[in-house]
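The letters A, B, C, D, E and F name the chains in turn, as written, and every chain counts its residues from 1.
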Amino acid sequence: MTAGDAAVIVLVSLPHAAAIAGFVWPSRAVTVSLISAATLMAAALVAMHAVAGYGAWRHDVGGWEAPLGIGWTIDGVACALLLLTAAVGLAGSIHHAAARVRPSTAAHDPRYFWPLWLFLWGGLNALFVSADLFNIFVTLEFVTVASVGLIALSGRLAQAAAWRYLLATLFGSSVYLLGVALIYGRVAALDLPFLAQALPADLVGMTAASLVTIGLLLKGAVFPLHFWLPSAHARALPPVSAILSGVVVAAAFYLLARAWLGPFRELLTPAAGTALGLLGAGAVLWGGLLALLQRHLKRMIAYSTVSQLGFCMLLFPLAAAGATQLAWTGAMVVLLAHGLSKAACFLAAGVIVRHHRSGRVDALGGCQQGIGLAWFAFALAAASLVGLPPTGGFVGKWWLAQAAINSGAYPWLALLVAGTLLTAAYLWRVLEAAIRTGPPDEARRPAAIAAHREGAPATPSDRGMMIAALGLALGAVAVGAAAPPLAPVLSSAIGVTW
Amino acid sequence: MLIYLALASVLFVIGLHGLFTARNLLRRLLSLNVLTTAVFLLLVVIARKATPLDPVPHAMVLTGIVIAVSTTAVALALVERIALRHSPEPEPSASTRPGEEDA
Amino acid sequence: MGLVGQVFDALLAIALVWLAWQATRAADLFRAVVSFIVFGLLMAVAWVRLEAPDIALAEAAIGAGATGALLLSALDRLAPRRGRSWARVWRADARTWVLWVPAVMALAGALTAAAWQLPAPGLGAVATGALEQSGVDHAVTAVLLNFRALDTLLEIGVLVLAAVAVWSMGPAPAASAPVMPSPTLPMLGRTLFPVFVLVAAYLLWRGSHAPGGAFPAGAVLGAGGILMLLAGAQPWIRSAEHGPWRAILSAGFAVMLFAAIVGALAGGAFFEYPAAIASHAILVLEVTAGMSIALLLFAVYLRGEPHPAADTDRQRC
Amino acid sequence: MNRVLITGWFESGRRLLDAQHAGLGLPLRLVAYCALWWILSGGEGGWLWGLPAVAAAALFNPFPPGARWRLRWSELLLFIPVFCGLSMRSALDVAARAVHPRCPLDPVLVDYPWQLPDDGGRVFLANLLNLMPGTLCVRIGARSMTVHIIGDTADRLESIARLESRIGRLQVAA
Amino acid sequence: MSWTELVGGLLVIAGMPFFILGTLGLLRFPDVYTRLHALSKADNVGLGLVCVGLGIQSGSPAMMLKLLLIWVLMLVASATGAGLIARTALARGIRPWSP
Amino acid sequence: MNQVYPFLAAGLLLNIVVGLVRILRGPTAADRMLAAEMFATSAIVIVLLLAFVTGSFALVDVALIFSLLAALACVTFVSRAWVALEQASDDAASGPPPGDRGDTQ
């Protein structure tokens, strides 16, 4: 067993083991979780190092080869997403541990946060390495149940949102599974790299591809199937929102990309690519517009997720037009930068909302004493979301733009520009509100809240939460620096046909 | 076998219809279960058409059934809490729609 | 069975379609749930017809047993308001009929057509070929606990997760004792308990060489647990002390995970059992998987944390 | 180990020693469960699995033993053919009423005072009545039960009395 | 055809009318109590005949006993179930139908 | 004899289909529940017949599980569901069979 294999096994099994420990011994859960979060981060780095050093590899689970057994593919993209999960997971763990929610005041039952959180993490890790369509279904369900549990934790208002999320994603999984069943009936294989060689582009293939795509679009909340996302993401606890918006949604896109550039490569005609791209365009514009119209900070950030994932969808038309490699690296960098910065936004927003005791955008002005760091993290993350150089968002969008230029697909370039402007507009609204000295309409705030406008001085707990957010935001910036040298690693993906 | 394939498609469509038109939360859950069963049926028919009989889809369906029970249980627990919230009266109703108010 | 078989299948299909329609559309919520339970019952017959006895066993226990109990129990919280009368349902549906029927026909037809063209090569031969090294004689068990053991691990994980998620939503809503006690219930429980235990053990034993195994065994035992609970058995999971029960609930998952890691440490891949001990390993996994499926179905049925735990347990963690 | 678990084990141990209070004595129960296993396994063995299961079934029954009496086996064996005959009659009776063009039903609710002394026998009788011609037990009270009879009330009451005395003869007080 | 097969088959066939008549009763009888009569009596005798018939046909004592076990379990379930439903119905104030 | 069994199985299935009317009509929840009970018995017989037709005796275990769990739905219904279904009989208006005065009077 090589160090890389060991790292992957740790990545898949440690979160589950820690989750069980947290469930069985609730009083030790924080310690166990923080230690395993740090270990997982280290393991993700080891795996990334192994891929960068020796290239991608396969791990046949149980020692059974492809058509019969389940395979894991550990390649650059998978490792990048494992690393993203580890970063968001670690920051979220620190954030939640620092928040010190008192059981008496908590809307949720704090004993169950850690098991659910770690299970979600483990499910995501298993998802990113899996190369087996049915195993992916199981991990998707795993992630769904964990997410629903976490959303429902934050009180009664969130339960309705959790319900809608559950129904939408379960429906998505059923449709996905139908597609998988058709594929299995056609070629009797479930392994993605195997299917990339074997799946013909006939009627069955097309039906299966569209079913798998619809299922994943639902799970990824891609326009117009995004209806469940905003309230689910806005009502959860900050770390939960962070991992849902930053990683869970990205997982669906990741699978979509692997499926379309792998088994469905021959089906990715310019028409199909354009259709998927148009969905992305709709997401960018409609999500951006709605984000602009939101009054609540967390809802705005949630709609921004819908919008930003639209950029990633440009991968498909650009790949269909021939600029596959550049579009792939660009979309993946956007995905990573978005994950980090969106998680940073949610974590920072958690501190900001707590400080101001209100989530309304126009109530965020006034004294910011003590939460300057949170605003700094938010601003950095916003810069990456907009795509200002030298952030990760900039690099990703730049590559997407280059791919558009190289393949002569200028309408997509226009969309990139429009989306960027829209992003800048809605994020500026928030920052502008923060800079204002006082809320514009004093009367709109309840008296009790107005009395607290001065805000409390930062406590150690706030500081821990802010540092977690800042770490992620800095990570989003760092992606910008790290992406160009790591581009070849990012485009090492087993089973993807360029 | 054709008849079971047709059955799977029809069940799928019934589930789809119920999922989109039912107002009641429990009914939507039932529709979803019907939908999932349709997919399982397709898998088993595929296993049956193969020679020799293919055990892999059978295992997949077994896994799927257990997962479906788990998700149904979680969904039911959620539905109950939502119904409880919307009508604290002695006769809680599941058909109340969740509100749109924000946190 | 020839023509009679065709007639049988057609009747089964008609009944299933009608029941599915009732389950999703019936005006009365209870009628919908009962239709769904009968739907599960007849699905088991359909699995029998499709030569999938393993699935039939699991469906008989889960579909007609555990899911039915879950749904019926949920009804006591979700009492329907006055059901709409048939006429009104029909009228309200008239609009959707126009809209839906063509779409429905097209979709169902396309799906059937696509599925009918499947050559369905299958992995039967491959699985049979690998059976000798798998440590068991029954192909489905080999797939579940050896070839695709990772799926099974994660699926038991989903069950654990579901139990955690359900418990996290708050204390169990209803008292576990039946609302209307009857002296016949304990007698029923006492009579059936040994049968449940023996049948579950029997199915586990069968699993290594014939249809059966951890899934149906766990489902039967879990459903049996629900029945015992309803019949008024002292709940095994008690207040403030479900500490060990949490350990027991997650034991199956933990053991499987442990086996997987040991396989990796022994120099192979994740979940790779050395061929010499494969059958023993599968035996252990089968028992733990069956036990945890049973316990977790039972835990999930409680619809909430069994009892609010003592304060010491509730401290911030 | 946890207190509940320990109490549980203790409970089982106590029951083991206290076997004469059980409906069937423990050795008898073990034999019965072994027989059940043999039936289930189709006579193929598998005792490595069967014996632990038999032990678990005998020791962990969560219900307290209900009846404090023992069966008289000869009577039980004699009762089986009687039961089969009565079942057949009851099915034919119901079938005849169902096919009759006018469904000749004359339902009445009758209170029937218990003669049986103890609970176990009463519950057994109440359940048995549901399978006997024309009777359905709809209430089990402290002094009497209410029976739903679909016709020929006098005959039915008489047969209930006969059944009751038969059950009385089945059991020997411990 | 051996005599076990013949006897078994005839018993199985003899069981069928009970199911049909049971359903007839289920459809024709006027209230829940009378329907319980139809259900708990006719169907169980039908099942008993089928089990005995198939058991004779199988020729193996273990199989015969297993089929009888199925029958006994069903007897227990349906006697208890019918009683429970009837008792609950009465407790909920559903009055029996009378001509 | 085995050649007759498919016919019997089909006949029993038809019997179930006809019996579904009771689930549709009700009128009380108890009627629906007992109809479901009846289907369990018929399903057991169908499965047993199929087992003897195809010679796969594993199916006898399916019937065994059915019979073991037949009481479960009924017990759940009586102890949990019916309590809340007070007005379940109110859809008696949707078409009681003639002569049905079940719970009025």
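What we mean here is this: a contact is a pair of C-beta atoms (placed from the backbone, for glycine too) under 8 Å apart; a residue touches a chain by one contact, two chains touch by 3 or more.
From a predicted model like this one, the values you see are computed outputs, not experimental measurements.
Considering every other chain in turn, the ones in contact with both subunit B and subunit D prove to be C. Farthest chain from subunit D, judged by C-alpha centroids: A. By number of C-beta pairs in contact, A-C leads over the other of A-C and A-B. One finds 32 Å separating the Cα centroids of subunit B and subunit E.
Our note on geometry: subunit D versus subunit E, Cα centroid distance of 17 Å, whole angstroms.
The geometric centre of subunit E is 12 Å away from that of subunit F, both derived from CA atoms. Centres computed as Cα averages put subunit A at a distance of 58 Å from subunit E. Counting partner chains per residue, subunit A shows two or more touched chains at residues 68, 134, 138, 141, 145, 148-149, 152, 159, 182, 185, 188.
Residue positions 12, 15, 25, 42, 46, 49-50, 54, 56, 60, 63, 67, 70-71, 74, 78-79, 81, 91 of subunit B each touch two or more of the other chains. Shared interface positions of subunit D, defined as residues touching 2 or more other chains, are 36, 40-42, 126-127, 140. Chain pairs that touch one another, listed by label: A-B, A-C, B-C, C-D, C-E, C-F, D-E, E-F. Residues 1-2, 4-5, 8, 11-12, 15, 18-19, 21-22, 28, 30-31, 33-35, 37-38, 40-42, 44-45, 48-49, 52, 57, 60, 63-64, 67-68, 70-71, 74-75, 77-78, 82, 89, 97, 99-103, 105 of subunit F are the ones that touch subunit E when the two sit in their complex. Interface of subunit A with subunit B (complex): residues 68, 134, 137-138, 141, 144-145, 148-149, 152, 154-164, 166-167, 170-171, 174, 177-178, 181-182, 184-185, 188, 231, 234-235, 296, 298-299, 359.
The touching residues of subunit E, when paired with subunit C in their complex, are 73, 76, 80, 83-84, 87-88, 91. Of all residues in subunit D, only 36, 38-43, 84, 87-88, 90-91, 93-95, 97-99, 103, 105-109, 126-128, 130-131, 133-134, 136-140, 146, 148, 150 touch subunit E in the complex they form.
By the touch rule above, subunit B contacts subunit A in their complex via residues 12, 15, 19, 25, 28-29, 32, 35-36, 38-39, 42-43, 46, 49-50, 54, 56-57, 60, 63-64, 67, 70-71, 74-75, 78-79, 81-82, 85, 98-103.
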